[in-house]
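Two complexes follow with subunit A in common, the first pairing it with subunit B and the second with subunit C.
Take a look at the complex of A and B:
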């Protein structure tokens, strides 16, 4: 059934491009709201949690070689309980695709296409994504290889140009409010790492599954590092006060930059154009894996057509929020759904260990 | 060939695909957001004044927009404008909302105001003394307005500054923003007086300074600073107090120090400044120690002593250091005693160094503590070069 085979580096890149999502434009503000200047500590703690959960996930996948989480969750927990976990997974992918697309649509409307209806922006975005997702995992993996430099380019450009007016002293003082609020904040800010569950599918497709831990950890560590640098540079360049009231601090970073000689001004427009790809590389995998989960749950052999049935649901959810506040709420629900998988994964691992299930070398 | 046949068999109905592609063309013909360049009314400068204060209601703003007249802005030999001069059109409208005011200009001007290339915002004193956050909110909220827009306050009416007819440059707004680019040649106006640096401070109620601008008929003078505290203009710093402020905050990017040694004058060109500002607790009392290192060149010397004389250079260095220290102290007295406004950011230094204590005193800092904090200033000056004449 799983015909597609992907390489080690593709796993790392697919994870990176899926996790570095549209959220990074607003991420510094979201973190500053809970932790102030210490937002980067949250990212770091959340990142450690992420890497350990990922290791557990890889261990699980290696016990059930060639199976995705949809299949082995039923093997471990039994059919009813396993399917319940799988429904949660499908919902999570719907939320992820919807939330990412909605933020994408809002930002594009705000910065580039003021008079274009949101519906048009979203439908074109979804149809392109569905076309790709309908062709299976291999095109998707190749897309992430091609897109990776283009996802990284706007981030690197902005961060480099921001170095002209920057005061890294803004990071100080560190952790004055104590450890507990920081840990609490780390849980709240885990939404930035939504999408890590992809590992649970990707290992089954790997040509060399023995390199799964290395590949996925590389992709995730890259994500953590990118977020850390973005947060610290944004804070140091704009100051703490700006982080609180700016809707998209990273875009404001671009708004602030003025290259001497004024031949490079208004960097937001090219940034946004490249940023479209960032949104695309997050939305498409969630669409693909959402459909894959659904088809495996229902025991279908072919999932191509299912994408187009899946799409209207995602579209409806994306159009649910009536304003930016509700869009954030949608993002939060998605974040908590991602967080909810951590106990599920631990439960799966414990039961698998006790039952000594699975044939692979765990 | 084989490939082609294969694909047509796969697609099945070529006529369906043909119809779909024709349909797709309809999606490609138009763009909702097309805005032709000749339909854009380029606004380069905005002046904001207080037109009318109404008790219990929003005040009415007088919004002056400087629009470029594209027909006359061709900088070739404009024969037919008959020496009338400026390729600009200044239009003033009254409205309690800046956003609505700018949009309602559509009743008088057929090109929609296009603010992407805005260069300067000038605020009149009356408005600045009332509140700055409200009138500037629109400019901070619009994603298309750049953060490098220069922000000036004027002791008179902003309208008059926008209406200036400078000789050096036909478009006033360009002249004003180019003037602000001289920040590395003189230290007499604050360099960070722009939307992106001041906006967040206004939103959070921090004290900041804005550059002060004054106009005569043919030119403007950009010098001094307006002190903004709790979103309101509370007073002015003159040119020398502004230099002192820059030495306190380490923002000096250039400028001159003129001194007199004995009866004769010397001028010192500032090439570089480094400052070190650190709060300490001495005998249970908070003190600030500021160390300043200034280096530069001797630009002018009216005495007949030889600049090769190391002892003589040291005398000048001492006098330069004295002058800088005098400026800094004068500024400090004004900020601490008169305005009680911590525009230098001493509070931020306390936060970095004593974060626990800062959380307790944060609320009382500007009113209670900052005015009485002793500051020890220590300046050293170095003359590195003295020109080609001895």
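Take a look at the complex of A and C:
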């Protein structure tokens, strides 16, 4: 199973394309809800937390070379406790795939296909994802390489075109509401970084594991930077007030933009079309690593067919929310699950250190 | 020319002595053939035909049990006749070798060999005994007592077969063989077979001379600038075209025979010190694994050695251009040439290589780069335009500026079909015109094009069966499809277009993107001889990027592509180049 090998760049890009996902359309509003115009400080603080947790995770992975978190968690905590942590991980992947696709389905319904049932959108989306996940890790990594420019393209396009009507003064003044809400917001905003746990799997597959920290940090730093720029530009173009009432501020930004030369009336639809790719590269890794976790937990040799058993569960979870509020709730649960991994990782690292487990050079 | 006057002191073999010598040779040969098989032969030397185990009729056709030649010419000819049956094109010419008074035979297929060569260099040399003459110096052969004598013929104890091969047959290609089956294969492969009575060996004479098309400009890969020679159907002509362009002693060509019945000659060409040995052995293995009785074109081989036969995209490149083959082998790739077809195969092939045309390297880099980007753009147009049209017209008319949307809506007024049906009808009609034109002779093909393009298109619009917008889309798609240099890749795109249209008709732009994703998933999982299909795009190999979207200036291309894991990544001595 570990015969797949991926390159350093692939790790960075896989992380980037997995993290920069469906969330970015709604991200500015949700940050503004907790921290107002200081949402970018949230992102920055959360990002720093993210990078340090990631460093710890890489250290842990390097201690157990060639093993994923599923395998070494059992080595560190013992089988029952380790499996419990693993079940948490599988649930997290189910939540992540479900929440991402639900938000995706809602947005597609809103902007592209008003009359198509959500079920059809989700099922086609899942089946396409399963097609890729069934091919294994290498095609997944290559896919992220191919899709990376296309994930970046709509973001860069919006950001570049938004520069025509922009007032960076909107970012000021900084920290009017004090430090505490910002720190609290940082924890709340951690949901945008859901998916960072992929590092715990990817290091095991790297051709050059010694570059793991560099690669994963690069991918994560790219994500943080992208979110920062999106937030600041959205805030500066739309103004703080409109962040609160807009469901998808970035989409609104796209709607406001006038294309020079005016070949296309609205930039919104083509951007949404490209955004399908972004959603896809976020959802598929969680499908793949969810099935991988499950198969490693159960000690299965072959995990590729398992994705089709995994899908109905994800689909059921994705169809759970009955309205937009519940979709947000699902996203929040996923965010908190991601946050909950931080203590687990710290615990794993501590126990590993104390027990001096693992043969690798951490 | 003349009969050699044999002087007594030259001691020509008297008949009795000759026979003795022959017998000796035969028994000598038996020992060489050797092994347990030869033993019963020595016992029953008088019984002519049954001496070889398994030497019966018909049984020896399996290639594992090859029937050895018998010492008697009549038996051998009988065995060959037995194999071939009544074949009107098989010529078996029996005659006597004048110098030795031994019966011999030349066997060949009429029309496959150069008759002139057989007449003058085989029959005349042997039947007249006209050995090459030279003036002997007295001191060289003092016993001669004369100045002219045949060059060392008929020395006592000499082996007639060896003498004929070495001294009498002025034919460059003469290989020895020792089984009936080899003989049969040889004359069916356009060689002539020479058999001598009393010997269990024969000679395969290279006297090929069948009609071949002359070297002309390739039909499928025309260039504005660049060499105009293309491959032809003759394998040796093609290898000569290659050898003429690449004089590197490391340029190797190995021969293989494929096809259980056709026995088609194939050549694997590569540069020894550039090719990845794993790739080479993989190619050889896959070729050796072919067990098909029919190999008529390199296309037969391509389908048997490609990685995924379910894919709409070709994973093996084919070309009619020798220069393209040379460029490929110098990148560490392997070329497969097949007798009987002008199309050579190149492996491994990646997706982006199908967008490279030979001309890219002969034109200056800026022009070549722009044209290449245009081609890649064309591939997108060819694949996605009809689907995009369907998406915009039936799902997202708001995408377009109001004026344009209104204009398109106005042209569609009165058309009874939904956009997707209209698109399918027009695209299928176009494919029909293309297919009809492709099979027809030139002038008629043009007529079909005119009928299709002008008359039917115009009539369809007037009859309100198709909108002018749709006609433009179909025309654009067709143009874009034809601007992809590789025909097999263009077919792949054309094929993919139809499921995309249907997907888009059901799910709009989202369906289009899903289609795009599915195509990409397929491509990232595809491999060609161990090389990922989308490389160097996935996985990223930045060093190879200078020859994909753009074609970097020649001076910047000092390294070979890494994708073939070539053994010498540098093309030239970089120190040397700095002096320019």
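Following the convention adopted for this analysis, the second predicted complex is superposed on the first by the 356 of 362 C-alpha atoms of A that agree within 3 Å, B and C clash if a C-alpha of one lies under 4 Å from a C-alpha of the other, contacts with A are read in each partner's own complex, and residues count from 1 in each chain.
One rule holds for everything that comes next: a residue touches a chain if its C-beta (ideal position, glycine included) is under 8 Å from a C-beta of that chain, and two chains touch if they have at least 3 such contacts.
Because the structure is a prediction, the values reported are computed rather than measured.
By the document's definition of touching, both partners, subunit B and subunit C, reach A:266. When both complexes are overlaid on chain A, the residue A:252 reaches subunit B alone and has no touch with subunit C. In the superposed model, A:241 makes contact with subunit B only, not with subunit C. When the two complexes are overlaid on their common chain A, residue A:176 makes contact with subunit B while staying clear of subunit C. In the superposed model, A:110 lies in contact with subunit B only, and not with subunit C. Between subunit B and subunit C, it is C that contacts the larger number of residues in subunit A.
Within subunit A, the residues touched by subunit B in the first complex and by subunit C in the second are 112-113, 116, 120, 265-266. Touching subunit C in their complex are the following residues of subunit A: 7, 9-10, 108, 112-113, 116, 120-121, 124-125, 128, 131-132, 135, 139, 141-143, 145-147, 262-266, 269-270, 272-274, 276-277, 280. Partner subunit A is touched in their complex by these residues of subunit B: 31-33, 116, 143, 146-148, 196, 199-201, 203-204, 206, 351-353, 355-356, 359. By the touch criterion stated above, subunit C contacts subunit A in their complex at residues 395-396, 398-402, 405, 507-514, 516-518, 520-521, 523-525, 532, 534, 537-540.
The touching residues of subunit A, counted against subunit B in their complex, run 110-117, 120, 169, 172-173, 176, 238-239, 241-242, 244-246, 251-252, 255-256, 258, 265-266, 268.
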